[in-house]
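Chain IDs A, B and C follow the sequence of writing; residue 1 opens each chain.
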Amino acid sequence: MDNLKAIVESLLFASDTPITIDKIKSVLEASDRKAIREALTSLAEEYESSNRGFFLTEVAGGFQFRTRPECREWIRRLKETRPARLSRAALETLAIIAYKQPVLRSDLEYLRGVDCGGTLRTLLERKLIRALGRKNLPGRPIIYGTTKQFLELFDLKDLTGLPTLQDLKDLGETWPNDSS
Amino acid sequence: MDNLKAIVESLLFASDTPITIDKIKSVLEASDRKAIREALTSLAEEYESSNRGFFLTEVAGGFQFRTRPECREWIRRLKETRPARLSRAALETLAIIAYKQPVLRSDLEYLRGVDCGGTLRTLLERKLIRALGRKNLPGRPIIYGTTKQFLELFDLKDLTGLPTLQDLKDLGETWPNDSS
Amino acid sequence: MEQTQDQTPYFVKLGELFDGPMDLLVHLVKKNEVDIHDIPIALIAQQYMEYLEWVKSLNIDVAGEFLVMAATLAHIKSRMLLPTQEEDEDEDPRMEIIRPLAEYLQLKYAAEDLMSRNRLDWDVFVRTGFDGTEALPEKESSDLVQVGLFELIEAFQEIVKRVSPKYFLDLTPDVISVKSRISQIKDILEDQGSATFQELFETHATRGDIIVTFLAILEMAKGQMIRIMQHVKSGIIRIFNG
């Protein structure tokens, strides 16, 4: 049904966050999940097949239009504002949390060998990580995990989209880039 | 030139406001106005001819994608179910209730220094707080606490997941009158 | 600026400071092109110390974790020098450093992999303006904020700054567990109207949980959020939503 596809397209366009099938279903009330998924798949193919400025991607459990990476230079210029970059420390801390979650601050500090308080705070402020709860240990330390925003930032459908550490290691016969 | 069209499409998509030909020209640096106008016309025709969720319109001196008026009902519904937004006052009141519960309205008003009747009503309506009971004091004032919906909104398993001030301090927050 | 100074160890460029001891170790292992699983500990330890000396000479405080690592390296070095005891099954002393180093490397790869992805607002962009929708005025006033846990804590922190922090001294994890339990019991009572005393304890096995539940019930009784009744014949204690 072409009409459904047009409506789904307009919802994708109007939503400021990735939109889930369930959300589309609740907005449209009547439609079944299968028809919605078909409309999404058909849209994704359409945007994929032609030479377009943006495409439909499945991210953080939902669907979202995003500009093509090939256009990044132009859009950066359009936006002018430089997005806040993650420091290497923040990125490493984030990587540990992503892979080892649920994880304690002490685990992070053991692995990185340095205090992580400041970095944790930055990541919390940027909503890339969150407190999942507390561990039943003396002091009841906070358990950290990644957020939806983390998935959105790194274009991940879900956490299983991350390569396994083993895969990374196999690839990595070369050294990781140096600090500079 | 199909490539130009894709880039223009990505710029239209990523721009917060209607974008002028001059702006596109300055971003792309090299291209001439005529080629840009052609790309825009071609895009507009493409979106017009097919049954789409949005279209390209010339507005306020620039160009912008907009959702089709036919889809307005659905989009309105989508926007109504947007993630919760709260006023500063409501957030403050909610924060005190979360941390100090079970709590009386008089406590809230002592802490915030202002009348909290309005914000309490809003929070009650949104089911973020509830009456836990009544205190055996003159006037039998209501005791407030947070709800399940509160936990859901903040993605908490239970209240023990709420970070304490000590946690924030540990993460390197500067404390105003730190004596420890 | 990039020139090697007289007293500077050959491997460091001026202005090159390391994030932590692990970071420095990775750098040394890499610069010397040695196998991470067969680290020449004496060489690495020496260069590590040289680096610390160099940092000190710049009047920069060496963070404690660097010193801990220095001690660890020295310890491993001395154990390597000891003649092997009868039990030659003894683990290679270097494992103490190789294991965490290997793990650290792994996470560096992971961090790099994240960086190589199409990052939002860097490689790919989404629509952000809300004004592209036809006939849909944005009525929402700008003083509304989208809320998350962090905003909640910060709002609370603002209040604490205004009021005396002493007012909030009781925010220990234990107190929060009691608050949480009150909330859970309230959920049960709102659902069922009442619950037996027994019921509220059943699913919670640990001693700490039992104490927390008991304190929660006391607190609720004190605040008259519940009524507690005992059946005369059976002796069963039942708690009602107040």
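Here, contacts are C-beta pairs under 8 Å (C-beta built on N, C-alpha and C of every residue); 3 or more make two chains touch, one makes a residue touch a chain.
Note that the structure is predicted; figures quoted are calculated from it, not measured.
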item: Geometric centre: closest chain by C-alpha means; value: A
item: Reference chain B; chain at largest CA-centroid distance; value: C
item: Centre-to-centre distance between chain C and chain B (centres being mean Cα positions), rounded to whole Å; value: 27
item: Euclidean distance of C-alpha centroids - chain A vs chain C, Å; value: 20
item: CA centroid of chain A to CA centroid of chain B, Å; value: 18
item: Contacts with 2+ other chains: residues of chain C; value: 125-128, 132-133, 148-149, 173
item: Chain B residues counted as touching two or more neighbouring chains; value: 10, 13-15, 54, 65, 67-68, 75, 79, 83, 155-156, 158, 160, 162-163, 168, 173
item: Chain C-facing residues of chain A, complex; value: 13-14, 16, 57, 64-69, 72, 75, 79, 83, 88-89, 91-92, 94-96, 98-99, 110-115, 124-125, 127, 130-131, 134, 136, 139-140, 152-156, 162-163, 165, 168-169, 171-172, 175-180
item: Footprint of chain B on chain C - complex, ascending; value: 125-129, 131-136, 140, 143-149, 151-153, 155-163, 165, 167-168, 171-173, 176-177, 179-180, 182-184, 186-187, 190, 219-220, 223-226, 242
item: Parts of chain A lying in touch with chain B, wherever the complex brings them together; value: 2-3, 5-15, 17, 19, 23, 26-28, 51-54, 65, 67-68, 70-71, 74-75, 77-79, 105, 117-118, 120-121, 124, 130-134, 140, 142
item: List of chain C residues in touch with chain A within their complex; value: 16, 18-23, 26-27, 30, 63, 65, 69, 100, 103-115, 117-128, 130, 132-133, 148-150, 173, 206, 208
